[in-house]
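Consider the two complexes below, in which chain A is the common component and chain B and chain C are the respective partners.
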Partner chain A sequence: MRRIFEKAVKWLLTASGFVTSIVILLIIGFLFTEGAGLFKEKVIEEGYVLALNRENNVKELTAAQIKAIFDEDVTNWKEFGGPDMRIEPFRLEDADKLFTEEELGGQYENAGSLIASLIEAHPGMVAFVPESMIPKGANLNFIEDRSISPKEVFAGSEWFPTATPAPLFGMWPLLAGTLWVSLFAILFALPFGISIAVYMSEVASERVRGFLKPVIELLNGIPSVVYGFFGLIVIVPLLQQVFGLPVGESGLAGSIVLAIMALPTIVTVAEDAMRSCPRSLREASLALGATQWQTVYRVVIPSSMSGIASGVVLGIGRAVGETMAVLMVTGNAAAVPSSILEPLRTIPATIAAELGEAPAGGAHYQSLFLLGVILFFITFFINLCVEYISSRNKAKNS
Partner chain B sequence: MNRKPFIFLAIATLFFNSVAQAQRIKGSDTLLPLTQELAEEYLAEHPEAEIIVTGGGSGVGIAALMENTTDIAMASRSIKFGEKMKFAEEGLKAVEVTVAYDALAVVVHPSNPVSRLTREQLEAIFRGKITNWKEVGGEDRKIVVYSRETSSGTYEFFKESVLENKNYMSSILSMPATGAIIQSVRQTKGAIGYIGLAYLNRYVKALAVSYDGGVHYAEPSVENAVNGSYPIVRPLYYYYDSGKEAEVSPFISYVISPKGQESVLSQGFVPVTEEETRR
Partner chain C sequence: MNKIEAIDVNFYYGDFHALKGISMEIPQNKVVAFIGPSGCGKSTFLRLFNRMNDLIPGSRLQGRILIDGQDIYAPGGMEVDELRKNVGMVFQRPNPFPKSIFDNVAYGLRVNGIKDKEFIRQRVEESLRGAALWDEVKDKLNSSAYALSGGQQQRLCIARAMAISPSVLLMDEPASALDPISTAKVEELICELRNQVTIVIVTHNMQQASRVSDKTAFFYMGEMIEYDDTKVIFTNPHKEATQNYITGRFG
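The block that comes next holds the complex of A and B.
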């Protein structure tokens, strides 16, 4: 009887472990396939073309150039190697203003030919219209469309995922923002976290410890949106006054909030590691005549290094992946930050703010998944670093 | 023995009847709370009716209308030309009813001496061409521009109306909610941002705006939005297929009745007059 029961439990554990691993692998696979789909998307929005007059010999435009044209920042074709003509951008939505309902016809059957003749009449015009609308054999030139290139995505410095006709997916500002904010968060959290941990495990009396530990662990239970709101109302105006900044929403505000959020993790894990340092080691050190501080510095901290390191990594992991608090205090400006006192935008905040409205399967949606993949690699890299540190430490100790 | 199919049939008829009567309304999240409120009031008067209201965004609502998965589409923008063409391909005709107006106020820090701007100046500020308040007659202070996230309908409308479809500058600060914009503008001296009229409060200063190059300026207020002198106003629409007129008209006529429009006003939107509703 007992044998059967044990077998059943064993089988159940194996099955659940197996299923969970498969699900995790599938999720990662899903993330990667969705993210990689971005490079199959076209620069110009699906199903649309950019039509030009016959006299215009411009063949190729990058997404950034298309944006400059439709923003009317560039107004002459000469700058893109075309003839010396003024650029006249035309969107399908302008058709309502230029033609009457009668001209377009009840089923809008005349719209395509009307727009084609409009382009033929204006040599400098570039029209953003559906491919299916252009009548067969129309005497027009078209901008050649190509797939979005990885270079534009990873090295591009402009993030305009909803721009029409050609969205821009430059992820460099978001990546830089994430790394910048996390780096400073950990710079703030590390010294404070370690010193609180040392104080609690080595210095504080049992009563103080019994009070402090639950209080610090309580910080973990506060929802991140509460931290965000606290940051927006308290830290942001404070920074503005202290540094005399024109705008308080900055990377620094974000890293301070993240540092506060990462503290409990670092403290709890590091303190547990230090307390589990064998009594024999401490006593041996004290017996050799070392002071208490020397014992902590030379014996306790080195022997619990791997525990401290994993606490730090968990803290960094929280900082890198934190969404809501960062969304509220960093200002979310998608520009490459040149100092920590400037507004910046992180990857998790971008995903959280935009995924809800991005049409499923579109280029914007896929670009957000690609951001997820980048985030995955950042955390993966951090984990590898820690594995390396703790394994080297173990080798040294033994 | 023979009873079972009968019961099943009876239940099935009941079920299908109630589904056929239930009106499905879907679309803009801006209109969602207002429509829910109106539907509740309507149901209190007509307990036999059934109305299901869901959000999802203006584009989602209009697409659902095309696929006949909703009876009324709520939209915070007018139907696009491309969407009209798709309707025509399906042999449908979308009827447009304006149910309310929503005005956007451009707000600055209360201490800012600038009290009015033209559309051209606003465009230059939000596109990063003007970066200091002294260029528009204010103090020598850097302009800090706040915007909503790209997913917001307000973001789209402001881009369409004030920026004439051009893109915002890339270093714009984007906030996740209207409340966050108010909080930030309130505590940042050089700030400028935009919010729905209903959110306007004494902690931020609203600017008068001119769309005719500085000839006429108008303060954002319900009266100015109603009489048409304030320019940054968007109509909010219901769309339905002309073939379903009979089914949807009781609810729609309640919405545009004086009683329905009272709720529109109490929800912070600008009411419409009877003759404005249908075009």
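The block that comes next holds the complex of A and C.
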């Protein structure tokens, strides 16, 4: 009977282990396939074309160039190696202004030929219209459409996933935003975290420590929305006043909130590491006439360095992946930040904010998954660092 | 001349009365051994001489301990780190720092504010030679002290303690974790160091006590039962308890 029971438990544990691993692998696989789908998408929105006059010999445009044309930032074809002509962007909506309803027909059935002749009449015109509308055999040029290239995505510095006719998926601003916020968060959290850890492990009496430790661990359990809310009503206005900013929502506000959130991890892990520094080493140092502080920074901190380092890396891990609080206080401007006082946007915040409005299966949707893949690699790398540090620690202690 | 003088010392761990009215005098540049059954208070007494028990919360000392005629516990007297520079200690288990061999020996000099690199190098070499370790480690001064054997580590700890030239060296069972050859080396060392420093050594090994020490104190249940020349203690003790202990009839 006992035998059977033990067998069953063993079987159950194995099964649950397998199921968990498979689920995790499935999630990763899903993330990757969805993310990679972005590179199969076309630059120009699906089902649409950019039609040009016959005289216009421009063949290719990047997504950024298309956006510049329709935003009327660039006004001459010369810029793109075409003839010296003014650019006249045309969207389907413009048809309503140029033609009467009768001319277009109730079902827009005449719109195609009207637009085609319009383009033929205007040499500088570029029209963004559904492919199906263009009448067969129309005497027009078309911009060649290509797939979205990885270079545009990873090195592109503009993130406009909802721009028409060509959305921009430059992820660099988001990556930069994530790195900036995390970097500054660690810069703030590190000195405080280490000092609190030193205080708790070396200075505080047992009673103070017995009070502080649970309080700090409690900080870990506070939902991040609450931190975000705190940041929004306390830190953001404060920064706005202190630095005289037009808006207080900024990378700095994000880093401060993240620093507060990363603090408990850093403190707990670093403090544990310092307390596990053997008593015999402290005694050896004190017996040589070292003061308590000399002992702390010459023996305790160096010998618990790897523990402190894993605390810090774990803290960074939390900062990099944190979504809600950052979303609330960073201002969410998807531009490469030139200073930490500017609004910026991180990868997790972008995913959370945009996934709801991105049509499933579209390029925007897939680009968000690709962001997820990037985030996965960052945190994966960080975990590798923790593994490496703690394995080195083990090797050193044995 | 007396190097250390304990006057009616009582010591408490909280409510536990660990040392009961001990008075003794330790002469300069002599080796004094503390013997007695486990838990009788030898380590506790030894650690009073460099105020190592200060770290234990709830502990309390009555009585006075003088080193070179100065009360080391007098309020407003000597700083505790100054005292420990003068009173070195070697522990039961070798406890080198996770640093290089060189940095281990140089540690005491550095925390004392010595910056002169050449002086530190010289002092490290002298101390390692003094601890009969130089020839074994001179080619790997920069490798980790943890790479040494237990016996080598213990001699390194002795070199480390001696590097700051203390005038008293406290040793709490310095050879109990070592093999016979390393033990012999440590004992040899004690005999060589006796001209430079006053040594107080705790040991469970009767032969060791009789080999290395000039005087021996026998402790039992927190009391010092007998304190006399080592020869007298081991050949002709005055107390029966001492006689019983050294002949192995209890303990």
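We adopt the following convention: the second predicted complex is superposed on the first by the 353 of 398 C-alpha atoms of A that agree within 3 Å, B and C clash if a C-alpha of one lies under 4 Å from a C-alpha of the other, contacts with A are read in each partner's own complex, and residues count from 1 in each chain.
One rule holds in what follows: contacts are C-beta pairs under 8 Å (C-beta built on N, C-alpha and C of every residue); 3 or more make two chains touch, one makes a residue touch a chain.
Not measured: the values here are computed from a predicted model.
Judged by the touch definition given at the top, the superposed model places A:L174 against neither chain B nor chain C. By the document's definition of touching, neither partner reaches A:I186: not chain B, not chain C.
Touched residues of chain A were counted for both chain B and chain C, and B has more of them.
Using the contact criterion defined above for the overlaid structures, shared-chain residue A:I235 touches neither chain B nor chain C, since it reaches no partner.
In the superposition on chain A, A:L263 makes contact with neither chain B nor chain C. Looking at the shared chain after the overlay, A:S303 reaches chain C, while chain B stays out of its contact range.
In the superposition on chain A, contact of A:G106 is made with chain B only, not with chain C.
Taken together, the two complexes place no residue of chain A in contact with both chain B and chain C. Contact residues of chain B toward chain A in the complex are 57, 59, 80-82, 84-85, 88-89, 127, 141-142, 144, 149-151, 165-167, 170-176, 180, 183-184, 187-191.
Partner chain C is touched in their complex by these residues of chain A: 206, 278, 280-281, 283-291, 294, 298-299, 302-303, 396. Against chain B, the residues of chain A that register as touching in their complex are 67, 70-72, 91-93, 95-96, 106-108, 111, 130, 133, 158-163, 173, 232-233, 236-237, 240, 246-249, 327-328, 331-335, 343, 345, 353-354, 356-359.
In the complex of the two chains, the chain C residues touching chain A come out as 50, 52, 55, 57, 81-82, 84-85, 88-89, 91, 93, 95-99, 107-108, 110-112, 146, 157, 160-161, 164.
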